[in-house]
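What follows is a structure written as structure tokens; I'll ask about it next.
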Amino acid sequence: MKYAYKTLRVNTETPYIASISFNRPEKANALHMEAWEELKEIFINLSEDDAIRVVILSGEGKHFCSGIDLSLLQELTQSSSIQGGHQNELLRKKIVALQTAVTSIENCNKPVIAAISGGCIGAGLDIATACDMRYASEDAYFSIREIDMGMVADLGTLQRLPKIISEGLVRELAYTGRNVPAEEAEKTGLVNKVYSDKDELTTAVHSIAKAIAEKSPLAIRGTKHILNYSRDHSVADGLNYVATWNAATLLSADLKEIFVSKQKGRSPKFNS
Amino acid sequence: MKYAYKTLRVNTETPYIASISFNRPEKANALHMEAWEELKEIFINLSEDDAIRVVILSGEGKHFCSGIDLSLLQELTQSSSIQGGHQNELLRKKIVALQTAVTSIENCNKPVIAAISGGCIGAGLDIATACDMRYASEDAYFSIREIDMGMVADLGTLQRLPKIISEGLVRELAYTGRNVPAEEAEKTGLVNKVYSDKDELTTAVHSIAKAIAEKSPLAIRGTKHILNYSRDHSVADGLNYVATWNAATLLSADLKEIFVSKQKGRSPKFNS
Amino acid sequence: MKYAYKTLRVNTETPYIASISFNRPEKANALHMEAWEELKEIFINLSEDDAIRVVILSGEGKHFCSGIDLSLLQELTQSSSIQGGHQNELLRKKIVALQTAVTSIENCNKPVIAAISGGCIGAGLDIATACDMRYASEDAYFSIREIDMGMVADLGTLQRLPKIISEGLVRELAYTGRNVPAEEAEKTGLVNKVYSDKDELTTAVHSIAKAIAEKSPLAIRGTKHILNYSRDHSVADGLNYVATWNAATLLSADLKEIFVSKQKGRSPKFNS
Amino acid sequence: MKYAYKTLRVNTETPYIASISFNRPEKANALHMEAWEELKEIFINLSEDDAIRVVILSGEGKHFCSGIDLSLLQELTQSSSIQGGHQNELLRKKIVALQTAVTSIENCNKPVIAAISGGCIGAGLDIATACDMRYASEDAYFSIREIDMGMVADLGTLQRLPKIISEGLVRELAYTGRNVPAEEAEKTGLVNKVYSDKDELTTAVHSIAKAIAEKSPLAIRGTKHILNYSRDHSVADGLNYVATWNAATLLSADLKEIFVSKQKGRSPKFNS
Amino acid sequence: MKYAYKTLRVNTETPYIASISFNRPEKANALHMEAWEELKEIFINLSEDDAIRVVILSGEGKHFCSGIDLSLLQELTQSSSIQGGHQNELLRKKIVALQTAVTSIENCNKPVIAAISGGCIGAGLDIATACDMRYASEDAYFSIREIDMGMVADLGTLQRLPKIISEGLVRELAYTGRNVPAEEAEKTGLVNKVYSDKDELTTAVHSIAKAIAEKSPLAIRGTKHILNYSRDHSVADGLNYVATWNAATLLSADLKEIFVSKQKGRSPKFNS
Amino acid sequence: MKYAYKTLRVNTETPYIASISFNRPEKANALHMEAWEELKEIFINLSEDDAIRVVILSGEGKHFCSGIDLSLLQELTQSSSIQGGHQNELLRKKIVALQTAVTSIENCNKPVIAAISGGCIGAGLDIATACDMRYASEDAYFSIREIDMGMVADLGTLQRLPKIISEGLVRELAYTGRNVPAEEAEKTGLVNKVYSDKDELTTAVHSIAKAIAEKSPLAIRGTKHILNYSRDHSVADGLNYVATWNAATLLSADLKEIFVSKQKGRSPKFNS
């Protein structure tokens, strides 16, 4: 087995697809320190793994992820011998470390699909919004739960969710922490589609993943890179950047394979 | 009575909640100069008022707000002894002054909820989009009416609305000035939810306000601050900023109160 | 006939409205080099044409536009005597030239309305997203088809579409290239409204165009300019800019005409 | 006397020129809370005062300004009943208030000239860098002294000085807190010119101020506004903005006066 | 003769080097409308001309350029049948057209060297700051003269000069319009070097141009492109962009030629 | 010995100061792959090392650093089985890896001082500009040598140098690759100061380092962080950020120590 983790199940049996699942179902997949570290590690590894073209992220058991483990939160916030400015500087460093784990999903150069059943809560939602797309089963629900911990959500939801749903709704969710049921999540664009149950969800998401895995991996990596870049720059900057990107990468074996396969009437086959 | 204004009714009877309403129903709550000044003043004051945690903004009478008072518009645009560049420089200053009044809502460090019945027109919509969330009754309708005055809307709608609804719809509304009925407003995300009538709307909005007022005020203020910041910066910048913000504010009496109240099985109680 | 093009039909019979249609129906309106050049030219011309206030863009025959002509793509990407860095530099220049054609729609200082029937594919969608609004008939469908050519879409869709629909959906479409049917396009905000067939679409779009043509042309031009600016700047920057813009343009013959026409109880009439 | 302050001497006897000086020479012009408030107030007032076209800022006695008064620093940083996050949030608000006082110089729509003798230390340098230009006498010296208080300088020097002198020198000064003598200040661009003593400095600076006061006040205000804007935006953005600004203000009585006065061979005379 | 212009002398006799000079010495090279149009045209042409690798810009006769021709300024600003907002909108368009001419120097993908003798005034300085480097003879002097026309300089000096010299000096020059003599220009970085007279200047500048012309033209074009990009973006953005740029262009015939020529102990020879 | 590297000498004998030197004098400290990796590693390590407060970077032997090792450049650019887009994508990744090594200096939370003797060439200058300050001996010289390799400099000089010296000079150096002697480097701000020889340089730089090491380490770390942030943001953004930063870190044991030591008339002593 290529990837062995304590807090994550990783399945790479289907060609080109890595299925990762949070694997502490007895804790509703709450994330303690080891889980954060493994999350970061797996996405850094998968980003470099030529055998993988798409990643699916889900949760073992009933829930996708119930957020940061309370014991970790207590550890992060407990007083210590260091106080005041020094303590706060250290706290900042720890927050940045968790953010880096979440952002490793965005930086992974393969599309990451979140398949969400049950609760997607707090840090779970920070993670889901860092994925490229989100699909859910009918029992799914979503919550910016940090507000109930007396915290400003600091792992990405407040930055990324307003690109996915209306800012007016983001603010309601961030201030109230209320649960968004799957149906509302679909209607508002928080998830792309809702399926009746976890099995159907799994089947559908694998089918989407398979469709993506059949495309030119070079073009898929480039598309993700450009989408990330363009989100954070003006349209003019985004256009200029993609012109330069394509100047570097457009003329490729994959493009040739497409012209050839079209002529021969067969499906194109790509190397990674 | 703590807050006495001519053009605004201010009710602070419900603990932590300030209910403000435009109070010129006989003019469909059109905003003349005094109204703009009071609007700015109340939000600057409420931002500093520790007794208030949430603000609800609505309109007395049938309409939320019918926009800038025509007499003010005429005054702003009438010719005078100053002409040309000097006149235009002065006009710019007056526009900036009105913008500042609208932006005082965004800068108020408490969530501001717009509860909208009847017309929400022109400057009324500029104001509504500067609120955190918008809820409406079925009789509500919305219009970027400035185009019918031969004006480019200049008080915020063209900047803020595209974060709330699809840019494709914003452009249609900005060019045609057509009315958006409540149902369409809900479907497109312009309002979070529509209620059958003004009474139901008032009840529902107070219930949301109450839910927010029970959260940690420090965390609510921080969340609004971060949402404002993140809207105007890249995701990476937003993450870096919230890490620094939480380094400063996360370790608080509110956080302790939450841990304590959880252990004791009671609701947390916060100071402002 | 004022505007005579080979690849575009241009109809300026209705006062103030230019109806442009891609005119290679036998090729599903695929865009070869001449089409790109004419597209750029017509929008540069219309931007300066005082007789025109709104532009409608559609496709002759069954489809809106099936994207870049394959022969052009082959020409762009074929090997030549120049290789490596020099070849890529030249390729970049050609991509920028096509981008400039698409952006001429955004830079045209009149609203451009896309009326879409049948396929709106690849570069067709790049073009549609550069229009101000999109309306469709029920047979319309949309696809970021570039991924099936082994390419990163580089003419604007990846930059502009995330302002129109949820980023979560953009990514699914960009990675899978799947067709979005008209109904889904309406529900998600990709088009503003779907009409039963092409005739109804044409009628409805002309009615919207006519409504816009009756507004102050100066204010319409300014509104488009400000919407373009505000999309790519912070809210504070956008507010400052529109204040300065209105300082320059608010006091106009159009504003006077509105006050006068209101007093006289007639519709305002504007020069361009 | 038009402007009466406790901590500032304000002289408006020379037409169009306001000479302000820090007026606590017995404390080397250290700034306590009242001084900060008056500093902010005078610049807000002068910005609106049509009788004034240029401002000169200097210090009574031997020094320009020795920085924040230690008693204020102690007050800002002393512990209180509020602790942790709430205390830090309050501290942030107080820092922002002091920053606002400094930035009132930048926001004053008249050029502000710093005339510096003796020490220009800590907050004194924050203030000097917010002025448009700096001139000094030979006894002047400059220091980012905050580092010796265990503080990150937070009132503007770290933001504004790198636009004035090489970033390499800024960093040395910020890390070491060393004194920069007048001669080095001139050679590196920190001040525009050094004069032999305070009298010569005063004379020279008044002569510069007089030259500026004779220009079109509208054009001077615009130039300062554009310089502020351009510093914080790309060249393309700055060009676009100044085109719009001049569209609003170029055609003015001042421009006419210049053409007329040139024809008549006399100096132009402008209203404010 | 390849390039024939009325207002410009163009000499392309020296291989790879285009020497352009303003050619209205009897008007101190003041720029009327035709001159602006030709300026724009020559730089657009030279950008595409593979025979040219470096451009030198100077002035015939005693002066480099005395700025915008007064007759053009009067034409731009005279009143007409169009008034108010419409007039200002048109004025803005004309300013943008002149800006575009200046920016064509920056957009020209070859280095442009300004060789400055005599006056470099107003628009002359706008043009000089858009060049890559500036060299001068001892009789040169520089002035932001727009302030004496009652104008905010709007063709680039206020945007570009603060990257070249200290912002403190820019503001003095912009407010006073005073002449900067050559010696001060060298000391402050406004010009790279001063030569004793025009002949020496010409010789020296040609020698620099020749040195540049011997480098890889592909790398020179890329370096200019990256310097332009990096000036207007963060360091992180600039690094990311140049990595992508070099991914496209680094592996080239020029690189091979360098390795080969080094092995053979000869100078490299490049195609354009 | 705490830090043992093959390509770097690391001396941590002087308390709080790490002296690092490139240690391949026989190759003029050219950087091969191992050197890049160790460079990155040492700065990541030092950033976390509480025993170190300042870093000095110099070169063993006659030169500071002669740039990228030619063998590495050949390896990076040689053809392989992968071609076209895939090859370029890989090349981009390798460039980014080298950039990351350089940027590790900027990200190291301690000031890094470059002490430069002899050649500081190509990548050597990229590295020197990523340091906080630069000091040199009289035999030092500097060159953007990449242009002579047919390359666009891609490791930071084109981004960072324009903040240190005039953009006009940067462009000359980037296009010509000429050597800048120490004296000119001092006059133009490229280095802060020149000392007569390497010994004097070493002594002087250690003295500066010692002065920095005696300051509050928390404040020094914060100052560097803020200078980095402010370089890439607007003044308003920089002010807002430092207010938040100081809200988190100002109230510290270091601040208390300063008040106490001042009262007791002794030097303050800080923990890291």
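The chains carry the letters A, B, C, D, E and F, assigned in the order they are written, with residues numbered from 1 in each.
Everything below uses one rule, namely that contacts are C-beta pairs under 8 Å (C-beta built on N, C-alpha and C of every residue); 3 or more make two chains touch, one makes a residue touch a chain.
For clarity, every value in this text was computed on a predicted model and none was experimentally measured.
Asker: Going by the touch criterion stated earlier, list every chain that contacts chain C and also contacts chain E.
Answerer: The common neighbours are A, D.
Asker: Does B-C or A-F have the larger number of C-beta pairs in contact?
Answerer: Here the pair linked by more C-beta pairs in contact is B-C.
Asker: Which one, A-B, A-F or E-F, has the same contacts as C-E for more than half of its contact pairs?
Answerer: It is A-F that reproduces the contact pattern of C-E.
Asker: Can you check how far apart chain A and chain D are, centre to centre, with Cα atoms defining each centre and the answer in Å?
Answerer: 48
Asker: Averaging only over C-alpha atoms, locate the centres of chain B and chain D and give their separation in whole Å.
Answerer: 35
Asker: How many angstrom lie between the centres of chain D and chain F, each centre taken as the mean Cα position?
Answerer: Spacing between the chain centres: roughly 33 Å.
Asker: I need the residues of chain D touching at least two other chains; which ones are they?
Answerer: Only 88-89, 92, 165, 218, 231, 244-245, 247-252, 254-255 qualify.
Asker: What's the complete list of touching chain pairs for this entry?
Answerer: So the chains that touch one another pair up as A-B, A-C, A-E, A-F, B-C, B-D, B-F, C-D, C-E, D-E, D-F, E-F.
Asker: Show which residues of chain D lie in contact with chain B when the two form their complex.
Answerer: Contacts found on chain D: 83-86, 88-89, 92, 218, 221, 248-255, 271.
Asker: Taking the touch rule as given, give the residues of chain D at its contact with chain F in the complex, in rising order.
Answerer: 74, 77, 79, 87-89, 91-92, 95-96, 99, 103, 106, 146-154, 156, 158-160, 162, 165-172, 174-178, 188, 231-233
Asker: Spell out the part of chain F that touches chain D in their complex, as residue ranges.
Answerer: Counting only chain F, the residues touching chain D are 111, 132-134, 163-165, 189-192, 208, 211-212, 215-216, 218-220, 222-224, 226-227, 230-231, 234-236, 238-240, 242-252, 254-255, 257-259, 268, 270.
Asker: Touching residues of chain A toward chain E in the complex: what are they?
Answerer: 233, 241, 244-245, 247-249
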